[in-house]
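Just below is one structure, and these are the notes that go with it.
By letter and in written order, the chains are A, B and C; residue numbering begins at 1 in each of them.
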Amino acid sequence: MRRIVMAIAAAAALSIPAAGVTASAAEEKELLLFNWSNYMSPDLLKRFEAETGIKVTLDTYDTNESMLSKLQAGGAGYDVVVPTGPTLQQMIKDGLVLKVDAGTFSNYKSVKKPFDNPSFDPGRAYSVPYMWGTTGLVYDTAKVAGGKIDDSWKELFEPRQDFVGKIGMLKDMGEVITAAEYYLGLDQCTEKAEDGQKILELLEKQKPAVKVYNAEGTVDRVASGDVAMELMWNGSFHRAHAKLSSIVYIYPKEGLNLWGDNLAVPKGAKHIENAKLFLNFMMDPKNAAEASNYTGYNNAISGAEQHLKEDLRNDAAFNTPEAMVPRFRPLQLCSKAALDLREKIWTRLLR
Amino acid sequence: MTDAVLPARFTLWRFDLWRFPGTRAVAIAAFLYLYVPIVALVILSFSAGDSSLARWEGFSIHWYLDVLGNADMLRAIRNSLVVASGATTTGTIIATMAALATSGPRFRLQSGFEAMIGLPLIVPDIVAGIATLLFFVMVGVPLGIVSIMLAHSVFAIPFAYLPIRARLQGLDPALAEAAADLYATPWQGFRRIVLPLIWPGIAAGAMLAFISSLGDVVVSYFVSGPGATTLPVYVFSMVRMGVTPAVNAISTLLMLASIALLTVSYLLGRRFQ
Amino acid sequence: MMGSLRRAGLLAPSVLTIGLLLIAPLGLMAYVSTLERGATGGVIWTQHTADAYVQFLFERDLADRLAVNTDYLHIFGRSIAVAAITTAVTLAVAFPMALWMAFQPPRRRLLLVFIVTIPFWTNILVRNYAWILLLRNDGVIDWVLARLGLTGQHIDVLYTPLATTIGLTYSFLPYMVLPIYVSLEKLDRRLIEAAFDLGANRWLAFRRVILPLSMPGVVGGAILVFVPGLGAFISPELLGGAKSMMIGSLIQQQFGQSRNWPFGAALSFVLLVLVLLALSAHAARYRRREPKP
């Protein structure tokens, strides 16, 4: 009996220091990565570990806002985060990311223009490019008579009967509101209350036809037929298309978002040198190609094209046809008043 | 008494009255309702196909092998075990002390104290998660394994307290008195007499606390930090992403682990009796 | 005998732990609900405002005028309704089930209790995920119905309040069965025998003897289902989708995407108050029922 008590006391005494010892010993060769869900190739991480001996731990989030929220809520301690351009711009302004001077890294020369000097991070002082892509409209041709719909946001916001109740939307404030703005012909960064009112009315009218608002799990819900129409990122489309060939990606004529995600090192990171190694690693053409092949998104590295998979290159969602390029609308960082307006619309919509 | 007086025929008829019509049907339907989802999950986890659909595409265990080789998941399992061990140990020790205190003569604030012990069970887990998160943020405790362990210790206490208290109540007070009469110090009396006798209660309480810590999702979700994901939180983010055969496999493994733990604790309990 | 000093020493750790890690945080949460929200999340510790509570009932429309907003009340209403329906359904299923179990031979009874509790001991995620598999379009139920040729379309149940209710009833059924079973099992059979002896039929015996005596179990089970159902988070999150939000999901959103901590804290506080009210109402009724010494 006594031995059992001793054993438990010993176990207790050991369990707490054990957690501490492993932490401090592994601090040298560890990297805590905070990324969007389903957005990082596990093979790529394994390759990084093999090359550098640094063990990578991956935690995930579903939107930029959730990532920011977690960083505030005592989530300091991540070494690499993956903000989209405007979010990165805001983080730089607020001092939430560390200066790494990626422009001096060995692989920086492989970065294609204009990604090497974006407006949200001139000279890549704080970040390196990860994936870039577009947010368009996806639908299942098998679910609509004639198999074809207009390439317009109208099909999403004022859907035909075939799609009512079968629509999936990203639970992402920026994506949904900007799509509505393009459809209504409003400025991406509008601050006007009347504009906001129009957007809100459009979204509220659409709401009964929407089945689910979720920025995660788009690939599975489209591939399984849970939704027949989806506001979707083009890489997710590519992966869903591999499972369900009857879906199609549309570049709406009113304009669609062109965004770029970046790897940055947040304030409070504990393994800054490892983070820099990782950032440099991701600028290598072979690695960028591997990331593209896994996620289905474009990369910003020259020399990666030759390593891309065949089906990726042939996908019109990935390889945008010339005629569609003018429809791109790069995502911008809007003023605080504009962002506040978006918040108000979003909270009203999604209670 | 009445059985012997009444004729046999009458007794039989009366026994028949114990059966209430329809209850058996409802009970069977309810058992089916409880088990069909689980059985479906287990069956589908062996489906060989790559698709996440409910179709049976041939038998395969490769999803299980996939899952068991997943480094992130193994790390999450390790984190869960570390957190549960720490929280259980702390919680059980504290609960034992509290049970000892309340099993003596009743003291003035005892009902208030007992209400406080039960508080973690009453507060909705999302409220507890939020409150603990805010507290850690304000005090500046970095979120990680230790923060989750602290949060779990709180509800380990009432889980461990109940069986220990029950066991203590069944104890003959004369035994402790006898020890005191024989010049034993309170600590010796505890160690030599009381502790061995309440040991089954402590073991049961520790097991309850351990299982509840392993299964906690909501509080862990809010207070986990970088790299400190526990298994339920990891599975939660996978499940939110969607249905995949890998998630089916993980879920089945989780379920088997919980059932194994429960069976072990049940057998341990029987053995100690 | 236990000296009061020694007793204080034994009580101190639990008081400190629960006080510091639960009671103080709850107080902090109430305090946070009175603060101003930070621009990118978090709170501004030095600025106070009642905005969080105002937001609960009112809103500033896009032109910044105050207007009554019933939407959060709707969410609370929906949560109460779902919790109440869940309680009612579990009661309707659990009572006959417990009745049947309680009148089984003793050996079998233990086995049945074990069988009822096994699903409960699996992780709550597993319990809800299994229902996603069953309820989704092209899921198991859909597929079975299609194979049987019963319906031409998808069942479209997932991501509705119905799915949430199904998930909650599934998760909480054991909580209702066990208390009722315990109070039925403890019933003195002689009372029922006496009723029969006095010429009662089954229905009368049930209504006049069994039902009243099982009330403590019923009420206990109802509390065990209603209270957690109100603050449920996992089931609405996985099965309900963002359109049938309940309080739990709403609170989580404030600490996630919406980055409105004070509002989240205010919602949590209101939920906590509701729960405590429900519990004290139960305690008060129960105390009144006990015979005075």
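Operating definition for what follows: a contact is a pair of C-beta atoms (placed from the backbone, for glycine too) under 8 Å apart; a residue touches a chain by one contact, two chains touch by 3 or more.
Model, not experiment: these values are computed from the prediction.
The touch graph of these protein chains is complete, with an edge between every pair of chains. Comparing chain pairs B-C and A-B, the larger number of C-beta contacts belongs to B-C. Rounded to whole angstrom units, the spacing between the C-alpha centres of chain A and chain B is 37. Chain B and chain C have Cα centroids lying 17 Å from one another. Across the assembly, chain C contributes residues 42, 136, 138, 255 that each touch 2 or more other chains. Of all residues in chain B, those touching 2 or more other chains are 53, 90, 133, 137, 240, 243, listed in ascending order. Of all residues in chain A, those that touch two or more other chains are 62, 72-73, 214, 224. Per the touch definition, chain C reaches chain B in the complex via residues 1-2, 4, 6-7, 9-11, 13-15, 17-19, 21-26, 28-29, 32, 42, 45, 93-94, 96-97, 99-101, 103, 114-119, 121-134, 136, 138-140, 142-143, 170, 173, 192-193, 196-197, 201-202, 205-206, 227-228, 230-231, 233-234, 237-238, 248, 251-252, 255, 261, 264-265, 268-269, 271-272, 275-276, 279. Of all residues in chain A, only 1, 5, 8, 11-12, 15-16, 18-19, 30, 32, 34, 37-38, 57-60, 62, 72-78, 214, 216-217, 219-221, 223-224, 243 touch chain B in the complex they form. Interface of chain B with chain C (complex): residues 2, 14, 17-24, 26-27, 30-31, 33-38, 40-41, 44, 53-55, 90, 93-95, 97-98, 100-101, 104-105, 107, 113, 116-117, 119-120, 122-128, 130-135, 137-138, 150-151, 153-154, 157, 161, 186, 211, 215, 217-218, 222, 232, 235-236, 239-240, 243, 247-248, 251-252, 254-255, 258-259, 261-262, 266. Residues 38-42, 59-60, 62-64, 71-72, 74-75, 136-138, 154, 156, 158-159, 241-243, 245, 250, 253, 255-260 of chain C touch chain A in their complex.
Here chain A touches chain C in the complex through residues 62-63, 65-66, 68-69, 71-73, 90, 94, 165, 171, 173, 193, 196-197, 200, 207, 210-214, 224-226, 336, 341, 343-348, 350-351, going by the rule given at the top.
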